[in-house]
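All chains are identified by letter, namely A, B, C, D, E and F, in their written order; residue positions are counted from 1 within each chain.
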Amino acid sequence: MKESIQKAKILVEAFPYIKQWFGRTVVVKYGGSTRSGENELRNTLQDIVLMKFVGMKPVVVHGGGKDITRATEKLGFRSQFIDGLRVTDLPTMKVVEKILGGKINKQLVDLIHALGGRAVGLSGKDGAMLQASRVKSRSGKDIGFVGKVSKVNAAVLQSLDREKFIPVIAPLGLGKDGHAYNVNADEAAGAIAGALKAEKLVYLTDVPGICQKQKDPKSLLSTIKAKEVSMLIKKGIISGGMIPKAQSCLLALKQGVHKTHIIDGTLPHALLLEIFTPQGIGTEIIP
Amino acid sequence: MKESIQKAKILVEAFPYIKQWFGRTVVVKYGGSTRSGENELRNTLQDIVLMKFVGMKPVVVHGGGKDITRATEKLGFRSQFIDGLRVTDLPTMKVVEKILGGKINKQLVDLIHALGGRAVGLSGKDGAMLQASRVKSRSGKDIGFVGKVSKVNAAVLQSLDREKFIPVIAPLGLGKDGHAYNVNADEAAGAIAGALKAEKLVYLTDVPGICQKQKDPKSLLSTIKAKEVSMLIKKGIISGGMIPKAQSCLLALKQGVHKTHIIDGTLPHALLLEIFTPQGIGTEIIP
Amino acid sequence: MKESIQKAKILVEAFPYIKQWFGRTVVVKYGGSTRSGENELRNTLQDIVLMKFVGMKPVVVHGGGKDITRATEKLGFRSQFIDGLRVTDLPTMKVVEKILGGKINKQLVDLIHALGGRAVGLSGKDGAMLQASRVKSRSGKDIGFVGKVSKVNAAVLQSLDREKFIPVIAPLGLGKDGHAYNVNADEAAGAIAGALKAEKLVYLTDVPGICQKQKDPKSLLSTIKAKEVSMLIKKGIISGGMIPKAQSCLLALKQGVHKTHIIDGTLPHALLLEIFTPQGIGTEIIP
Amino acid sequence: MKESIQKAKILVEAFPYIKQWFGRTVVVKYGGSTRSGENELRNTLQDIVLMKFVGMKPVVVHGGGKDITRATEKLGFRSQFIDGLRVTDLPTMKVVEKILGGKINKQLVDLIHALGGRAVGLSGKDGAMLQASRVKSRSGKDIGFVGKVSKVNAAVLQSLDREKFIPVIAPLGLGKDGHAYNVNADEAAGAIAGALKAEKLVYLTDVPGICQKQKDPKSLLSTIKAKEVSMLIKKGIISGGMIPKAQSCLLALKQGVHKTHIIDGTLPHALLLEIFTPQGIGTEIIP
Amino acid sequence: MKESIQKAKILVEAFPYIKQWFGRTVVVKYGGSTRSGENELRNTLQDIVLMKFVGMKPVVVHGGGKDITRATEKLGFRSQFIDGLRVTDLPTMKVVEKILGGKINKQLVDLIHALGGRAVGLSGKDGAMLQASRVKSRSGKDIGFVGKVSKVNAAVLQSLDREKFIPVIAPLGLGKDGHAYNVNADEAAGAIAGALKAEKLVYLTDVPGICQKQKDPKSLLSTIKAKEVSMLIKKGIISGGMIPKAQSCLLALKQGVHKTHIIDGTLPHALLLEIFTPQGIGTEIIP
Amino acid sequence: MKESIQKAKILVEAFPYIKQWFGRTVVVKYGGSTRSGENELRNTLQDIVLMKFVGMKPVVVHGGGKDITRATEKLGFRSQFIDGLRVTDLPTMKVVEKILGGKINKQLVDLIHALGGRAVGLSGKDGAMLQASRVKSRSGKDIGFVGKVSKVNAAVLQSLDREKFIPVIAPLGLGKDGHAYNVNADEAAGAIAGALKAEKLVYLTDVPGICQKQKDPKSLLSTIKAKEVSMLIKKGIISGGMIPKAQSCLLALKQGVHKTHIIDGTLPHALLLEIFTPQGIGTEIIP
């Protein structure tokens, strides 16, 4: 009986959020570091399937850094570096495509199906979704097939949405030269969220969010305003891999995304709790 | 942290139901006996508002027996009885209309608005929704404006539904003579559920359901098949006010309602728990 | 044969109006004074049913002053007066709701059904249609549940219209406190006409219109321009109960209503003749 | 005042018909004999324009016998006759097309425009509407370009209807050989009514209808059942030009037309009175 | 095999045009001089039917000068001339209508049907498509029923288009006086193209286009800019019957037509080659 | 000029096919053997892009046998064989996915983009399109992740079609166990064509079709009836890799595909010529 009352309370609390988010798009960047364990993977994808169940439109963008590194090493590639950046030559790019499009993407699609959802695996090249322009190293040298998102064409996503599929997207871009380009997954997620005018953009990471003192969860900054970001980068509070995430958040906010979140994806059901309970977790960056 | 896991678990459990019931109609007969306390009233109506929030289509049918009795007594009416049934003459009928349509119905509409929902108060006469034919006493004597539902025209309900209103219906019928007729609320709820091909018809009562031994919750019958009902009436296990409920359930099932429920509306959030958790409460009558 | 020619002539005259008004909304304020006789009532409601038949969208707003006074007197209420205004305390308000929503509204709905139309009885609280704010006496004292229309939400009306129902509305408003408020019916009609961008707003009264010399039909002003109204009030030509009507007309015109009319509802089929023949009756107030 | 009451009475009487016929198709065969006078022509076309105003879908099929005869005589054609039927050779057919499509049809379209309607003049060849097969004389001899309707393709009419045009149709058919064929206008009207599943098919003639004693209006048969027609032909009560009309009525009824009428089109506003007043005129043939 | 490669090459070349013109409107003025031979007629109309097959929306406007002259001569009309212009009195106008609407128009419709298309023959009066105002001679004298297009109402064309018919239009205009007016066919085509915001307006003539040296195909001007037209008229390079064509092109371009063409309609399949191959023929006038 | 006439003739010939196939689905199985040269690849994909241009709905299913063999060999896998069939164990299956989904599929998508089309690369697992059940060797032994299409869910394809994308599908199936299964590409193409009720199913091979005497193009069977197939297999005329193609044709025909074709994809623009010219190439199998 007490348990019943407890259950009812949680549902009473959650239901208004369900109404609020109905039909809204949430782009989830699902980083490699949070996909390590089988359990974490299941929990996160289950949250995404449930979001779809209650009428939201989740869109998953995955990365693949570690797997790519492992694969190139296995094949005995010796990477060239310019200005500290690995050059993505044609053979490397072929491996990138196979790993992102042929392995990780397929694995996520499979698991979503196993959890009762319906997924469609895509790369940013499908339907010319992510158009990429070649980037150079800081010193202006060519570093191969590394791209920057220059335009997003969301028609494929919109068409799949009408049939209630969950799109799972590998961060590959289509160059003007017709070649595939490797695109930073954080940036891809932000650009897609912006093009879809998503309600939310959520980065699942393996840290609690942006902390005043690095890795000290007690110093977590719950809310950061967009205009404070550049100052926090300067102070070094936002640093390393958190920088492209924060910058993609800014860009997405500018294009009309309502809220962006950087949360700890290793907490069980972090996504569900962030979205359907009043106690937010992690850091939100707001306009 | 533990609390978070608990919350997540309940949401994970509840969400598939939300998908399952999305867009489905649930007719709730909300009897007078369960509307006694202010708290019970709020809890029940909140459940109905939440059902709407998560995409269901609740339809409320209320009764008004006690208030009518109180009102006629206050006005000093001396009721005539034939075969044990109170004769509803014209002056009584006018009181019935004022109480049902002008008091109880309005009170429920007000409270739903206060809880954040949008309600529209109707009587069965609106849009010629409940067409009634005059009934007689068992010995064939006229007992006034007492009717039986002869036809349901659900167009008003369907039209309101499209705009996301919760209809709240007073059990008045429209006779072929153009007069208002007093209709049994249990019967009205069943007939409306049938006409709407509702997913569920739920009777909120002040008992735990149908019990083998009357009022002994331990002897509760969780599931009754439609074909067992007549036998249970003969044996006296279904008796008194439970008979019209059970019979309306049968009729509704015949017209395509999927499941019917008789539950204890005095339990906090009984409706929510019945519909969104795997552990059913009360008695369900199934085809 | 001669009769045939006469008939044909009238139809030839009326049909262009039918084309002109097809699909247009006409809000009819149906005052208590014109509802006195059974015959007048039938004639007026028949006109409204016929308007619906030929494709117009009539919306009926009724008052109830006399019946409320009679009912409160019967119950022995002793009304308190402040600045000459009757205080509407909670018990009085409950009577108001019962009379407006449980008696008059139901009676009009019944009669429309008897005349072959399809009506739905509503109060301004349904679907939060008429949102009311509390008004005070001129000296700033509280006079109870008396409201002023602060906002109109016409969604219920629009949804019912699609199913071809005639809405019949009791002038009750929903306060921000969740309470029902007594709203002036003339004002309610004007506000609803404005919200619906009605083609016409027609006040059915028991006088021929606005007359230069009060109650002298020969001095009837056929057409008044909006900007002349305030001057006519100053001069006392518009006075008494005609003032709220004229002011509601002004407000409705401002919100986009095309024409407003004050006509004698006791003339048989006044409404029909006003709308479908070239000879207007009563007074029209135009932008 | 008395006049007002009279007017109101006629409108009250007519309006239910307007509701009844709203959106319904009425095919009017407008014979040459009834188009003689300028006034008759205006009256009839005005009725058709008014029918459109109140939401009906009139379709006009005209003939042209007399004009064709006159034109061929003028050009000095000497017609050949086989089995008493005039042979329509190619030169004659060219005249037929010019008169039907280039003169009469255009004249009706012009007049409808002058009366405030919107007409589109068509021949049965447009959009392959009337497909015709060649007929022979009774003795099996070829009589030229005289056709029988073998199929109706109503797509042009339906497409024009959506834009609220009144189609005016010349009775020309399209042969399988690509040639134009002269088709009996009565038959064409019946076939079109059948294909459109028209509500009514009305023949405007210059007699009061089908009379027991020819030309004695007092012996008019108001209603004839379909199964009685062949007997009335045998008895000679239906004779001459009335035979193809009656037979086309039968065919149309078989294809789903609800009622067919043969009325006196020379009476002013005969069409309007037939359709919008309870007193029918002329003869109706019913299933 | 070589032939196959040749075929494939032509299709590969043509298909992008099919995509480009899909759903686009092309107004074709089909002058009398190019309709002389049976073969030319068939070739041109076949091109139009094929344009419809591949998803374009051709609209045909025809003239009739020569046939009208021949017909009036045959009837022995002695035309009056003012300022060198033939006066179109009422009897002449009646002949014009019969020839344009009852002969030429019907002939084109017939042939389109024979070639597998679906045509609907119209005059500019149908649906009040071409509204005409009376023009006078240069010296200001009345020259009868000669009109200038004052307004185009394209609703009939749009409604027919939805059902995939090819409209074939005779250049008659509807005067404000309800009379038919003779309208220059070149002007009518331009006005219709403008109203439809056509992709292209094509004049089929019997010359190669606009030539620097008259009738010398080698001096053909392939492309003329709109602003150059008046200069070319002054220089006499554009002269005679080419002037109204060029001016109608200018007007059409102003109203949003993308390109206008003056081509030699006597070349077999000139229309097809102009539209579906990269080598244009004739002269194009562009904005 | 002669060239123009030739061009026009080919277009006149091709255009009726464009009308005929408009909006129709054609499933093209694009086998590895025909993808060998860069030129062949471009020609074939250009044909597919052009089919889309003229309103058809091409769906591409590709294989990957040779690339997979090459890749496994490179990785030093030593394949096990049972009953002559290679066992697809988990590591092999991972390679299959990478090659089909991450290499070949991506290459085709890239090239279609380069040719001006819009493609979306999918595997049969996306949207649970191809559901597969595990097959065993003839002797009933397990041969790993080799599947048979048990059900096709075409929703993804239909959703992409609405946005005008060309789907390019890798023949992977989704097992009930959630694993990816290797599915025969010929079979996959046939099953998809059947589910889409395609107009045509075309197998692009490197032989001229089915020949009476193997590899003798002069003995090509142009048309085979479905019922003749089993006899031709018995006789050995249909043999080897042609058997699954012929059987998939039969299955597709049974499910409503209108015609199936086996043609030589190495001929330049074979697809275009087969579909848009009257001279068919290769073998068609018809119901």
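Basically, a contact is a pair of C-beta atoms (placed from the backbone, for glycine too) under 8 Å apart; a residue touches a chain by one contact, two chains touch by 3 or more.
The shown structure was predicted, so the numbers you read here are calculated from the model rather than taken from an experiment.
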| item | value |
| --- | --- |
| Touching both chain A and chain D (chains) | none |
| Minimum number of chain-to-chain contact steps, chain B to chain F | 2 |
| Each chain counted as touching chain D and chain E at once | none |
| Same or different contact residues where chain B meets its copy chain A, judged by the half mark | same |
| From chain D, the most remote chain by mean C-alpha position | A |
| Of all other chains, the one whose Cα centre sits farthest from chain E | B |
| Whole-Å gap separating chain E and chain F, where each centre is the average of the chain's CA atoms | 47 |
| Rounded Å distance between chain C and chain E, as computed from the means of their C-alpha atoms | 59 |
| Multi-partner residues of chain C (each touching 2 or more other chains) | none |
| Category of the chain touch graph - line, ring, star, complete, other | ring |
| Chain F to chain E touching residues, read off their complex | 4-8, 10-12, 14-16, 18-19, 22, 46, 50, 53-55, 116, 267-269, 272-273, 276-277 |
| Residues of chain D touching chain E in the complex | 94, 97-103, 105-106, 109-111, 113-114, 118-123, 125-128, 155-156, 158-160, 162-163, 165, 174, 178-180 |
